[in-house]
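In the two complexes that follow, subunit A is the common piece, with subunit B as its partner first and subunit C second.
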Partner chain A sequence: MNARALARSPVASVVYVAAAWLVLVPLFKVQPRYLPPLPVVLADGLSVWPDLVAGFWRTLVETVLGFLAGVVLGVGFGIAFSASRIMERAFLPIFVALQTVPVIAFGAIVVIWFGNTIMAKVVIALYLAFFPIAVNTLRGLELADPQRIALMKSFGASHLQLFLKLALPTALPNILIGMKLAVALSLAGAIVGEWFGDTVGLGVMLLQALYFEQIPRVWVLIIACGAMGTLLYGALVLLERRFVWWRTD
Partner chain B sequence: MPDETTAVATPPHLQLVNVWKRFGEAPKQTVAVRNVDLSIEPGAFVTLIGPSGCGKSTLFSMISGLLPPDSDGSLLLNGKVQQDGALLGKIAFMPQRDLLFPWRTVLDNATLALEVEGMPRRRARAKAEALFPEFGLGGFEQHYPHQLSGGMRQRVALMRTFLFERDLILLDEPFGALDALTRSMMQRWLLDIWAKHRRTVLFITHDIDEAIFLGDKVVVMTARPGTIKCEEAITLPRPRDLGVVTTPEFMAVKKKLLAVVEEESLKTFAAASP
Partner chain C sequence: MSTSITQGIAAAFLAAITGIAAIDSAAAADPVSVRLKWVAQAQFAGVYVAKAKGFYEAAGLDMTINPGGPNVNVETLVASGADTFGIASGTEGVLYAREKKLPLVAIGMSQQITPFAYVAYTESGINSVKDFKGKRVATWMVGPQYTLYSVLAAEGLKQDEVNIVSQPFSMQPFIDKQFDVATVTLYNELNTLKEQGITNIKVFMPDDSGVTTQQDAIVTSETMIKDKPAEVQAFLDATLKGWKYAFEHKSEAVDIVMAAGSGLERKHQELMLDEIERVMTAKAGTTEGLGYMDMKSIETVQADLIKFGAMKTPVDLKSAFDSAFWAKVPDADKKM
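So, the complex of A and B:
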């Protein structure tokens, strides 16, 4: 990698932001209440390092489990909607209505159902991840080119063959778009889920920091959440580049 | 064995009897194809020519079983009447666009029909690989469609059609989008392939030269609603090479067909302008 490519890589932009933070905060004498200096934030992060790692790990597990469950359900319902108008008519409006229910209200119900278990967080993450995946799957499946469908039929293809060899590959780029939207949402879902009470997790630490007005800690947690979101999103981008590189024309 | 005697005379490979296709309901109805009678002998290369929008592609959709003909007519394959949809999977049909699948390599595009038929992947690939040099695609097995030129994509689509081994092949303007030079190369190449494999071919084109150069018989369709205007047997000797287009026989046929086609094209224009 040469210097120019390095200067444009995602790692470089992190360095730019850090440098700006390091220089501008003392320069403009920004009050720590608004934005503490970077070294203070880093020192605070190091002081709770074991908790931070444990919390990161727990929230990551909740997010990934909720996301994966959301993928399975979302793709499943997307397929069901595209296969049957009746399913779409019956269920899609319900899902749209559910989306408008604030996640806090839904979360309260989930915690009543599942208690303060990891399951409750996974379900809340799933609830947020599911919808964009289902909608994008449905949209992608509807993009299958009628002339290609006709070609497959002229070869004597069955419904299953049409689905596996044509409709699904056509939909994959759209399914990935849905997944990229959903991964950030499942992280938010996991964190909100932790607010209903738990002992480990980034959301738990965030709530405590807010309660005790530990401003640098809040920034530590913002950075940690951002890192996790970027990590998950980046993994999906790699997956896409490797396996779903074609575009539906 | 009572029908032994009737079976001796081979029936036409494909027969269309009073085939109609109307789209839509009464006041706004489009009659795409009307009263088409056509029969094609086994092993023949028949070219079909007609003004744009006269119903050629619609005719192909019906022959390949994708679109049922209206109930007043019938389609016969090897002398047997075919019910709606019964022709699906029996005819090798190459549509107007190449319709390659962008996520499949050239090799996997070529074997698509074989896969649908349920042939194991290994065998399908081996079968396709053997054809690559003949189709001028050697070394491109693992490329993706977006890495190919228009002519090469068209050859992949042709190979896919050929690998779907059916005795009747329908080609809808396979060379329509190619430049003149590539097109003339592909025409000679197609004749070679046809001479080797001997299948029945029905070939749509807009180009009179192409129709005469390739065909045993040229079928001319009228402007929409399309029906058969005339059929012209082409007796030029085979194998044909480039020189044949300048022979007096070729010229004579071309002159005759040009007059007919011109008349029909004018009708299309007259219908379009108020």
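So, the complex of A and C:
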């Protein structure tokens, strides 16, 4: 990688932001309540390092489990919707209605159902994740070229063959779009889920930081959540480049 | 890394399975839970101490402590049976729950004096509650405003003589002097202000105006009281014993709380425990014992809530606040 490419890489942009933070905050004497100096934030992060790692890990597990369950359910419903108009007519409006229910209202019920288990957080993450995946799966499956379908049918392709060899590959880029939207929502779901009572997790730490007005800690957690979101999004981009490199059009 | 992933997934499955198992065995043994009104912190030291020191276990209770959060309604969870016991809001919260016909019963009150207070800068010229007249007074509009109304009434001020504004869950506007007076809790916001180096403040306590509203109600459901009174008694005994132990061994209590939570600052927790001790052992907390329910103040709070239109109909205080269990707690467990 040459210098110009490096200067334009995602890592470089993190360095630029960090440098700007490092320089501009003391330069303009920004009040620490608005934005604490970067070294203060980093020192605060270091001071709670073990808790931060434990919290990061727990939230990551919740997010990933919720996301994976969301992918299974979302893709499943997407396929069911594309296969059956009745299914779509029956369920899609319910899902749309569910999506308009604020997660806070839904979360209270989840706590009654699942208590303070990790399941409660996974279910909330799943609840937020599955809808964009279902919609994008459906949309992707509808993109299969009718002429190609006709061609494959004329060669005697079965429904399964049509699905596996044509519809699904056509839909995959769209499914990945849905997944990329969903992974960020899963993270938000896991964090909100932790606000319904837990002792470990980035969401719990965020809550405590807000309660005690520890502004540097809030920034530590913003960075941690951002890092996790980027990590998960990046993993999906890699997955896409490696396995779903084609474009539908 | 990979073992951790496996552990995480295993934990998730285990959680799912125990969740199902809990439904199955609910009738058989006594797994009980206590739901807190907030996340793990020294405000609940007694409960964590009772668990860590084995007081619950010794009392035959298989106790799980469920922390709360901003979206968790302890009254609903306990009344519905999702949690067996709870450390709920306080006098007002129990009254509202009863007015909504929730089968919730308070069996003790942790904080003996009003844990809210009003702060003003020394140079503001506000020397008493009477000086709130014409000033911007901020309070939390999620319940504590009624305490403010009671205080104003007790000091002979009309509500419209004071510019009452809604206070966010941050002291920043007060620090920026957008408010003349702000509301704090003695165990958190007041400490936060001090930690930020703001010491040029005067504190006005509702109790000095004769307004007492006990907070952090120890609650359970009517069903528990009817079907398992022995467990209710065991819970109250062990919890108050935990509190007594916490106040007598503060450093150890903070250790226990720190271990139960994550990312807690020791200094914060020590300060919080000091203040919690102050509000729990004030007045009857020492003369009568920890967890005492002051029926007279409860009666006054209800009368005030009705006066301010926060409640429509009075509830039967005898069935909402049941002192029978507290009376049976051995003095050794509750008397400091």
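Following the convention adopted for this analysis, the second predicted complex is superposed on the first by the 249 of 249 C-alpha atoms of A that agree within 3 Å, B and C clash if a C-alpha of one lies under 4 Å from a C-alpha of the other, contacts with A are read in each partner's own complex, and residues count from 1 in each chain.
As a working rule, contacts are C-beta pairs under 8 Å (C-beta built on N, C-alpha and C of every residue); 3 or more make two chains touch, one makes a residue touch a chain.
Because the structure is a prediction, the values reported are computed rather than measured.
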Query raised in the report: With both structures lined up on subunit A, is it a clash or a fit for subunit B and subunit C?
Result: fit
Query raised in the report: Which of the two partners, first being subunit B and second being subunit C, lies in contact with A:Gln208: first, second, both, or neither?
Result: second
Requested in this report: Please indicate which partner A:Arg139 is in contact with in the superposed arrangement: first for subunit B, second for subunit C, both, or neither.
Outcome: neither
Query raised in the report: Which partner does A:Ala54 reach: the first (subunit B), the second (subunit C), both, or neither?
Result: second
Query raised in the report: Which partner, subunit B or subunit C, is in contact with more residues of subunit A?
Result: C
**Report entry** Which of subunit B and subunit C A:Ile112 touches, first, second, both or neither
**Finding:** second
Report task. Quick one: classify A:Val122 as touching subunit B (first), subunit C (second), both or neither. Result -> second
Report summary line: Shortest distance over all C-alpha pairs of subunit B and subunit C after overlay on A, integer Å, is 32
Query raised in the report: For subunit A, what residues appear in both contact lists, the one with subunit B and the one with subunit C?
Result: none
Query raised in the report: Which subunit C residues qualify as touching subunit A in the complex?
Result: 4, 8-9, 11-12, 15-16, 18-19, 22, 33, 35-36, 38-41, 64, 66-73, 76-77, 80, 82, 169-172, 175, 188, 192, 196, 260-265, 268
**Report entry** List of subunit A residues in touch with subunit C within their complex
**Finding:** 33, 48, 51-52, 54-55, 57, 61, 65, 104, 107-108, 111-112, 114-119, 122, 194-201, 204-205, 207-214, 217
**Report entry** Contact footprint of subunit B on subunit A as seen in their complex
**Finding:** 145, 147-148, 150-157, 161, 165-166, 169, 172, 246-247, 249
**Report entry** Interface residues, subunit B side, partner subunit A - complex
**Finding:** 61, 64-66, 88-91, 93, 95, 97, 99, 101-103, 112-113, 115-117, 144, 164
